[in-house]
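Structure provided below as structure tokens; questions to follow.
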Amino acid sequence: MMRYPRRKHEHAAEIPLAVTGVSFRIAPGESVGMVGESGSGKTTTAYCVARLLEPTGGAVRFMGTDITHLRGNTLRMSRRQMQMVFQDPFSSLNPRMYIEQIVEEPLRAYQVGDRAARRTSVRDLLDSVGLDPRFARRYPRELSGGQRQRVCIARALAISPQLLICDEPVSALDVSMQAQIINLLKDLQRDLGLAYLFISHDLAVVRSICDRVVVMHDGEIIEQGDCAAIYESPTHPYTKKLLDSARVRTRSGADYDGVA
Amino acid sequence: MSETWRQFWHLLKRDVPAFIALIWLVLTVILCTWGYFTVQTASLRQNLNMRLIPPGTSHGLAYLLGTDGLGRSYVERLLVAGATSLVIAASVVAISAVIGGALGIISGNAPSAVDTVIMRVCDVIMAFPSMLLALIALYTISTSPVVLIGVLAFTRLPIYIRTARGEALRTRGLLYISAARMSGTRPMAVTFRHIVRAALPAVWTLVTFEIALTMLTESGLSFLGVGIQPPGASWGLLVSDGQTYLYSSWWVAVLPGIAIMATAVALRVLGGVVSSVLEG
Amino acid sequence: MSLLEVKDLTTSIVTRRGTVHAVQGVSFGVERGSSVCVVGESGSGKSVMARSIIRLLPREARIVSGSVVFDGTDLRTLPEKRLEDLRGMRIGMLFQDPMSCLNPVLTIGTQITETIRRHLRVPRAEAYKRAVELLGEVRIDNAERRMADYPHQYSGGMRQRVMLAIALSCDPDLLIADEPTTALDVTVQARILDLLEDLRQARGLALLLITHDMRIVERVADQVLVMYAGQIVESGKRKDVLGSPQHPYTEALLGAVPDIDDSGARTSRLTAIPGSPPDLTATLAGCRFAPRCGYARLDDGCASAEVELRAVGAGHLVRSCHPAIAREAKG
């Protein structure tokens, strides 16, 4: 059971918003979405969970260990089962490395197998995200946005994590590539039993991937619970506002003929 | 790694000036090295009957490029001098690039106290005109080539430090660094695998400029008498020696000048190609 | 007469890899006050087409053939100077990334007033007043104070509103918007689109909007053009194209959009089109979509014969060997 109770984080320099009193849990194999507008604190929260930032207060417990204030090698070891897929498929891959080297990096870091074994793993990983093995010797700039995001997912899966934190993984993609990645993430979850913390500003995407949802606004959790329940009958007015603006409204409802 | 070479050749084949540059540099290095080990003593042989002969084929291969004020074969002089110039320039640049680059990356990644100290030291070094600093050092310590290399490298450190630091700062915020940390890569490995790799193109571009600059600075110092001392020679020293004969026997000063210029330009042109490859 | 009439527009771009045939024989019209949405994936040629209309193409691109007539004026042969006047005065433009269109070292106020003065030649004081009014129209609070702010002090949504204000400053007849909300939050997107709609109604503005998101099309369009590999593959009124899509690609695009109200969303799959768009440097024959089409069969002749646009309803055209009505008829 993974728990993330009560985080407080002041991040004065970049985001002039605190994240306060954020508490939620993610069960193994469960997919939890985090929604809200830009600046609501979703990304800060995700980075705190991933321990790329250190929370000022509260605790982050992952697989029974309190990782809130760990540093260095202990941190590395204790969050081995947690991986992240970042928002921008363009800058999250080192432009001067081959795809193979990029996906291999976690394997090298945790010294999994020897060179040959790692190479095979990389090929298997690329295959599992739907990329042809010949992409291994290419540079990121030769790939499309959707393909790059697949590489990010392959890299994240390399050391078989239990939890995948996805920070707006499809926001930078075309609608058709978005659909491919969403399908991929759903398949992977089903096949590997992964838990997801899925950050997105797009409520429709969250609905198709998540079991539960956490709604954030101004650094605080407004509402959280079962996805379908909240979408169909939101209790908090802000949630209602979010859902309304995400729903398609046409101007003169008269000639509206819904999307099939 | 082999991929980088392949790209390099690929770009080179299509870029005629770069190809010529490469050939010039390779030839220069080979000839000068050969010259240094074979004709060094010959180049010192003075022949006062053969003073100031202009370039031409009338006196045979050894005098193809004429002679200088002391009747020494200029072909031989140029080759030997070239070896010295190239070795000095290469050493200076290698030392300052490696040390400066390392300091810059450290500075960009270190806590602000360390960063501030390194930056202020840079400011101090940059506050002195490099020629003046070199003059003082060479006068007070000695004029050996080692001191020359050392002091020239020292004066050029700040620019490498600043460039490398800038690149380190820029790269620090990029997502792939965060991704590397999430992948479990240790901080040292992150620095070498990602940050250094990112800083390399900028530092390399600097190197191609600096070699030429070093050759010119060294020639200035030699002219002032504190650089390479006779009987040693460098292209710079030959240029300054040739000053006296500039209007009568132009080749004494002009030929080594052309050598410096051609090498500098070739390095820049080739450097451009290498930069493109390093950028990926 | 339509406000904008485009016939057989063909644009090519010269690149190191070869000549990219980005736009191939595109024809459509935009009526006064109506909104036309061009929808397609990246690489479909939609942006190049929009830029071809106002000749804002990079040097390597050339309009090879076709005509572009705006309110009776041939835009292809118009001298550059007069075209510059036209852009801004009569045709406004809104691009995807406002940060790259705004000068970071000038205040917002300066940038708007300069645009107004460039085209309308009014004294500075009056331009300033108009600028403040415009900021209010695009629903930026405290407009007067915000004139003195710099672009980096604005959020993404606000910057796009500023770009809209600049685009509308000289009261154009047509607004060309290229993926104007793609870089924004879905909630901010909604507000910008509503704003766009309201302003459009109030001013009788015609809109040509380029997007890859069917949800935006649903919200904003009167007419829809679906582009693929440089060609229009389906066009018609919104209710026809979205209500009964004919082309397999249109169907796939619609199926790829996640539905916020779908209770089965968690377990169902979105329509993902396999493969990727064709390489436009190659000379292609036959139906460009055939390699990715779920209905194409080897003996269909899809890949060989050029497919033309055919009408399947009033004003509803489709370029396909397997339009939905044909498939339904087969049973």
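By letter and in written order, the chains are A, B and C; residue numbering begins at 1 in each of them.
One rule holds for everything that comes next: contacts are C-beta pairs under 8 Å (C-beta built on N, C-alpha and C of every residue); 3 or more make two chains touch, one makes a residue touch a chain.
Given the structure is predicted, the values throughout are model-derived calculations rather than measurements.
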Going by the contact rule set out at the top, which chains touch both chain A and chain B?
none
What pair of chains has the most C-beta pairs in contact?
A-C
With centres defined as the mean of Cα atoms, the chain at greatest distance from chain B is chain C
Averaged over CA atoms, how far is the centre of chain A from the centre of chain B? Could you give it in whole Å?
49
For chain A and chain C, what's the span in angstrom between their mean Cα positions?
30
How far is the middle of chain B from the middle of chain C, if each middle is the mean of its Cα atoms, in Å?
54
Seen from chain C, its contact residues with chain A in the complex are 41-42, 155-156, 185-188, 190-191, 197, 212-215, 218-219, 239, 242-245, 252-263, 265-266, 268-273, 276
Which of the residues in chain A come into contact with chain B in the complex?
50, 52, 73, 76, 80, 82-84, 86-88, 91-98, 105-106, 108-110, 137, 139, 141, 152, 155-156, 158-159
Counting only contacts in the complex, chain B reaches chain A at residues 3, 174-176, 178-186, 189, 193-194, 197-198, 278-280
For a test of understanding, state which residues of chain A touch chain C in their complex under the given definition.
37-39, 144-145, 174-180, 182-183, 186, 201-205, 207-211, 227-228, 231-232, 242-243, 245-251, 255-260
